[in-house]
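Labels A, B, C and D are assigned to the chains in the order they are written; within every chain, residues are numbered from 1.
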Amino acid sequence: GNNNNAGDSASPAASGDAGGKKKFAIIFKNTGNPYGEKQMDGYKNAIEELGYEAILKAPDQPTAEAQIAMIEELISQKVAAIGIAANDPDALQPALEKAMKAGIKVLSLDSAVNAKSRLVHVNQADPELIGRTLIQGVVEMIGGSGEIAILSATSQATNQNAWIEWMKKELEDPKYKDVKLVKVAYGDDLRDKSVSEAEALLKSYPDLKGIIAPTTVGIAAAGKVLTDKGLKGKVQLTGLGLPSEMAEYIESGICPWMYLWNPIDVGYLSGYTAAALVDGKITGKVGDKFTAGTLGDKEVIQDGEGTQIMLGAPFKFDASNIAEWKTVY
Amino acid sequence: MKRQITESAGVPGAQINIGKPARSVSEMIGKFRELGLLGFILLLSVGVQLRNPSFLTWENISDIATNTAILSILAVGMMLVIITRGIDLSIGATLAVSGMISALLVSHYPGIHPLLAIASGIGIGLICGMVIGCLVAWVNILPIIATLGMMNVYRGLTFEASGGKWVSAHQMPTGFKAIATGTLFGVNNLILIAVAIYIVAYYFISHTRSGRRIYAVGSNPDSATISGIRSGRVLWLVYTIMGGLSGLAGVLWVSKFASAQGDTASGYELSVIAACVLGGVSIAGGVGKISGIVLGSVLLGILNNALPMIDVSPFWQMFIQGTIILIAVLINALVKRGIDRNHLMRRKI
Amino acid sequence: MADSEYALELKGITKIFPGIKALDDVYFKLKTGEIHALMGENGAGKSTFIKVITGVHAPEEGEMYLNGRQVAFNHPTDAQKAGIAAIYQHVTCYPDLSVTENIFMGHEKIRRRTRCILWDDMHKEAERLLGELGAGFDPRTPMGALSVAEQQLVEIAKALSVDAKIIIMDEPTAALTSNESEELYRIAERLRDNGASIIFISHRFEDMYRLASKVTVFRDSKYIGTWNVDEIANSDLIVAMVGREISQLFPKKEANIGEEILRVEGLGKAGYFADVSFSLRRGEILGLTGLVGAGRTEVCQTLFGVERYDKGKVIFKGKELKVRNPRDAMRQGIGYLSEDRQKQGLVLQWDIGRNITLSALEKFSGGGAIDKRKELEVAKSLAEKVGVKAKSVFDLVSSLSGGNQQKVVFAKLLTAELDVLILDEPTKGVDVGAKSAIYEMINELARSGYGIVLVSSEMPEVIGMCDRVAVMREGRITAMLDREVLTQEAILKASMDDTAPGALEGRRAEA
Amino acid sequence: MEPRVLANKKEFTFKSFFLQWEWLLVVLILAVSVMNASLSEYFLEYDNLRDATMGFLDKAFIVLPMVFIILMGDIDISVASIVTLSSVIMADLFNHGLPMGWAMVAGLAVGTICGWINGMLVVRFKELSSVIVTLATMIIYRGIAYILLKDQASGKFPDWFQYLGWEYIGGIPFILIAFAVCAIGFGWLLHKTVFGRRVYAIGNNATASRYSGVQVDKIKVLVFTLAGLMSAVTAMFLTSRMGSTRPNIASGYELEVIAMVVLGGISTAGGKGRMIGAILAVFLIGFLRYGLGLVNVSAQMLLIILGLLLILSVAIPQLKQRFASMRRI
């Protein structure tokens, strides 16, 4: 309705120049991250399928400051939409508000920005589902009782923190009374630090039965430590990780299974969402519906104060399917 | 201004005048510095051991040594650089680029012999080091600026080389991963490599001409020129060695963690510099010992290992590390002052 | 063995530095087995000439012959290999390295096959060399722990260690007192008798007369001439060096001594000096002399607030003086001209004007900003007053000769309102021309009411200039000599240990 | 001694006037502008250029005192941590109920104190060199920020606080005005006052300066304190631009700032260089980054370009000097 017109009239240049092709931008957290590259690929696929032009950006360091500068550059280029995987949920608010004022449709994907800074968030998976699934997974692996620990990314990582909250909630269920979460350690997504932290967990808690690492670097580092120390079968490992990084450890049985969504799909869905926002098919309100290419129909739902679009349940990788995925992403 | 009595730069005198009763004061200071550091390390270890009994187990000690090996290999090169009054901020990037390229190599040609992979990493590192060496030695760019600039360039090249991808464990042949996990006589290869490097470096800096010239250039560049030392070559050599060691460290890193990323070891240079400084290498040049940097690296290694083990809140870890570095450095300075003063008081006037 | 009677011959040497011709068509011949003095004013190009010979600088033009064969050195090692050794003007040591290493740097003893350094052999050899020089310290001590004089001995040992055919000494006696110089003379003579040829550079005539048989003079980068030492009169030599006559080195002056302005009582600093007491009156020149390392510089720097004293007190203009830093001292009225003008006196990369005004900047500042016109005016008038030779006050200080640099430092002292001037070796490394100008200036200042402390190691200077002389030995004042009893013998007696015949003899006996 | 009359004027040659480093920077800025304008049609739009300055000026405030520090032959690598700490403390106090104005004052005070501590350590422990001292305090200051804020972000500042980094006064960004005022102030301080003259003196020869009655220690402490204060000013602007703060903001700023100062022709080895050079360098790097961002050059290419620019900028004068001396021979 109204919103749609306002958007169009505020960005006439966007539709006018560059051979009439609208520009859709995506900003990932940092460059050189295969997960992010895949997400950007998916976004690009969607945008190009629709006949628009895609701009892929990522700063060299995963900082909010660098992302703010990129948002400014995109405002100057008068893009039609910005999809952003945020390095900080709040720190981009002023910049993104400025973008929205300039008529640019803003959505977040992967890691959300706060509700005021976006029209809609494309959520790869329900945090609650992830948190609960991971606990259920590790409890199954350790046979229902014993000590477990979490090896996370940085202590500030919002995604991870949300998942950890849900894990703790799940553990409150009386059926887990024999399962004890002994520690949440932070490897800062650095290889060396994650390895030290994993080693420290094993030494400080000799009876540790399972580790949940909801981050790629963390789970791979833990996999490596368990492999080197020959703890296969003694300490179980699960979490979220890239299939390519984890193939080795899933095939060897160090990590019986783990979860992840398909980052290409996250990007692809975001691309369609962005286009739907720009074309006025949706405004980001709860109940809006649109068709996201090969992913089929999607609906905007409530997410705290804001709204979101859910990709679906995370995918389970285990020895039976890892071989076909390890070369994909 | 009165000249401070400086600590003797090298080892030479130390073993030779055994049997002579008169030991120079400076030698004692040198000893004291290392003893003090050692004492601090022991105290820290005992403290940690009381909190967590699994600290002083054979396994944990071996883990600390393994995790410190790469740091201390780099510290050897950094010490040489600092002795010549320089600094190298690019080592993290050099490490990343050589690690990445050798990882790409083994992933494309899995049949390659691990030693060849190591050689390729060292080769890349050497080239990176040579470029910096040229800039510092012959274009006369300040080391901090030259290495800051090249740090960006090498880091950018790492991303370019990998096309934004990582090289993961399953893409690496077992032989390659075994470089870092393999053992000889029950000791991890990394530790053995580090020890071998210490021994070679010790011999190099105290028993060869080129080694002593590094000290000469750092101690007084002007007289070095006049003594016929080609300072340019020495500087170039030092940065090239640093590059080669970073390259080696790159391969070891990738092999140890079984993953090569674009942002491998970013910021690692600060840890290496901290290890050197803790080990008594003077930024003013001309002073530094292998034993010192080994202890410095070990102290950092212990901190990295112990803080998680005694359940220090992750939010306190950074503060504690910084404070320990500052206190160690300040105490070092104060003790040295005290000894100088004592020495003066003993002079009869 | 020689194809020529000359061990070394240089023809038409020209060396150009950016903006300066340091050597202009210079000739030099050194006979085998002679000691040849090389003299000239500051900046005449002597040190540059030496560096050309030793391959540190490559000349733009000219030829060099060694034993009649033409050679060209591109690098110091070439000269070393050809048997040329040099003791450079400024001590060129490695403070962090041991004495042994300092001696052998560049030509270490190594085992042929393994190229491993033979430390034992080197330490032994170093010990032997130092023993010959009468130095009593362990070759394993780091160079930085030695005093300046001891470092100079190491430099000499370094030159001896290469067994050179040609030895060049660039102002080796500048940091030595007469006794130590005497030791050096003996060594030089012994080397000559063993067949070495020596080039000896010095500003001291006594060195030349005592040692050399020939003297060559440079002036303004040019070759002036070569004479036999016993054939040329002192005054002619000065004319050759300066280009004009200098009538009187120490101008006669009538002292105009006023009230006491500074009194030092029992001053002491652990490890450096103790029980130093003296008083100074307006218009008086108080000499402070002694052997190197006697602690004179320390006493002066303590009074100036560079260092702290831990015993005694200083009474200045009737009140006890407390200074924490040089700024305090200057505010109260004490000025200090340091021993090392390049490191402590001047900002070499700056122009003359800025150097002069540095210590009195507040005077030209209104509301924080510097009044550049006023600054220029003051700088110019002071520079003219002390007679700096330059085009304008915008010339860089680094482009000036040593003597002119020293005049700039004097001009700097005149910007502040001072009562006491402490001059630490004001004529060290300054040529005869500038020397007499400086003496005149000192007298002038004393006449105008300053109290002056003159630290000097040169006996004639002390005797010629001072009203009273305090002699220091090992951190204590051993004698206070009035002008009437001021003789070389009295000073020597007071500056040396009564129990031993001489400091250096004492050392030798021990070694 | 014949009395001499010295000339009154400095010799002026056009050659030496135009051979100054600052002209090269001006030429480079023009070249970069021409390049940017030809690559992207958006570059020369007034609004874009104006907003671009807002993007890179925050850290430029630290460049000003860093010029003093580097001139004196020292270095301060703790500035970025000071930015973080004062931002975090400001936010923390605000969250504890202190009015925003007072919280800002407290933030500035904290920065100043941190700088003062650096300065005191540097002058009291001369044997340590400023690299080491500030390396240690760098870790400590950021460490304190982590202790204070833990994994929280802190925000919800009053609206007016956002004006600092985002608002315009008479069409000119407030941050640009503030920077201009500070730049003029620091330029005046360095080039016109006794204080500045003494800084140069210390940079050229600290010992001689001390013997000339310059209170070297006092000036050094003051300069480090100024650096702390200006880091806190940067903290205000950065926090305003991000709308919130975290203990990991501003990471890597120290190296960027040092690079700008060096590019500005400030040399440690002789106390040479002028404020205008550093200011030009700020704009050169700023416009270069922005321009390349407009054409969406990848982050890694940007890294390589900036690295090479830094190297070239120091290499050119060195090589020029070498060729000049060769030609004269």
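By our rule, contacts are C-beta pairs under 8 Å (C-beta built on N, C-alpha and C of every residue); 3 or more make two chains touch, one makes a residue touch a chain.
Worth saying up front: this structure is predicted, and the values here are computed from it rather than measured.
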item	value
Chain pair with the higher count of C-beta pairs in contact (C-D, B-C)	B-C
Maximum centroid distance from chain D, chain identifier (CA atoms)	C
CA centroid of chain C to CA centroid of chain D, Å	43
Computed distance of Cα centres, chain C from chain A, in Å	73
Between chain B and chain A, distance of the C-alpha-averaged centres to the nearest whole Å	37
Numbers and ranges of chain B residues touching at least 2 other chains	1, 4, 155-156, 158-159, 262, 315
Residues of chain A touching at least two other chains	30-32, 60, 155
Numbers and ranges of chain C residues touching at least 2 other chains	306, 344
Every chain pair in contact, whichever chains are involved	A-B, A-D, B-C, B-D, C-D
Touch list for chain D against partner chain B, complex	75, 121, 125, 127-129, 131-133, 135-144, 146-147, 150-151, 207, 255, 258-259, 262, 268-269, 298-304, 306-311, 314-315, 318-319
Footprint of chain D on chain C - complex, ascending	16, 18, 60, 304, 306, 325-327, 329-331, 336, 338, 343-350, 354, 358-359, 361-362, 365, 368-370, 376, 380, 383-384, 387-394, 412, 416, 437, 440
Touching residues (chain side chain B, partner chain C) in the complex	1-10, 12-13, 16-17, 22, 24-27, 203, 206-209, 212-213, 215-216, 218-220, 222-230, 285-287, 341, 343-347, 349
Chain B partner contacts - residues on chain A that touch it in the complex	30-34, 36-37, 60, 155, 183, 185-186, 191-193, 195-197, 199-201, 203-204, 206, 217, 220-221, 223-224, 228, 242, 244-245, 247-249, 251, 326
Interface residues, chain A side, partner chain D - complex	17, 30-32, 55-61, 63-65, 68-70, 72-73, 75-78, 88-95, 98, 154-156, 161
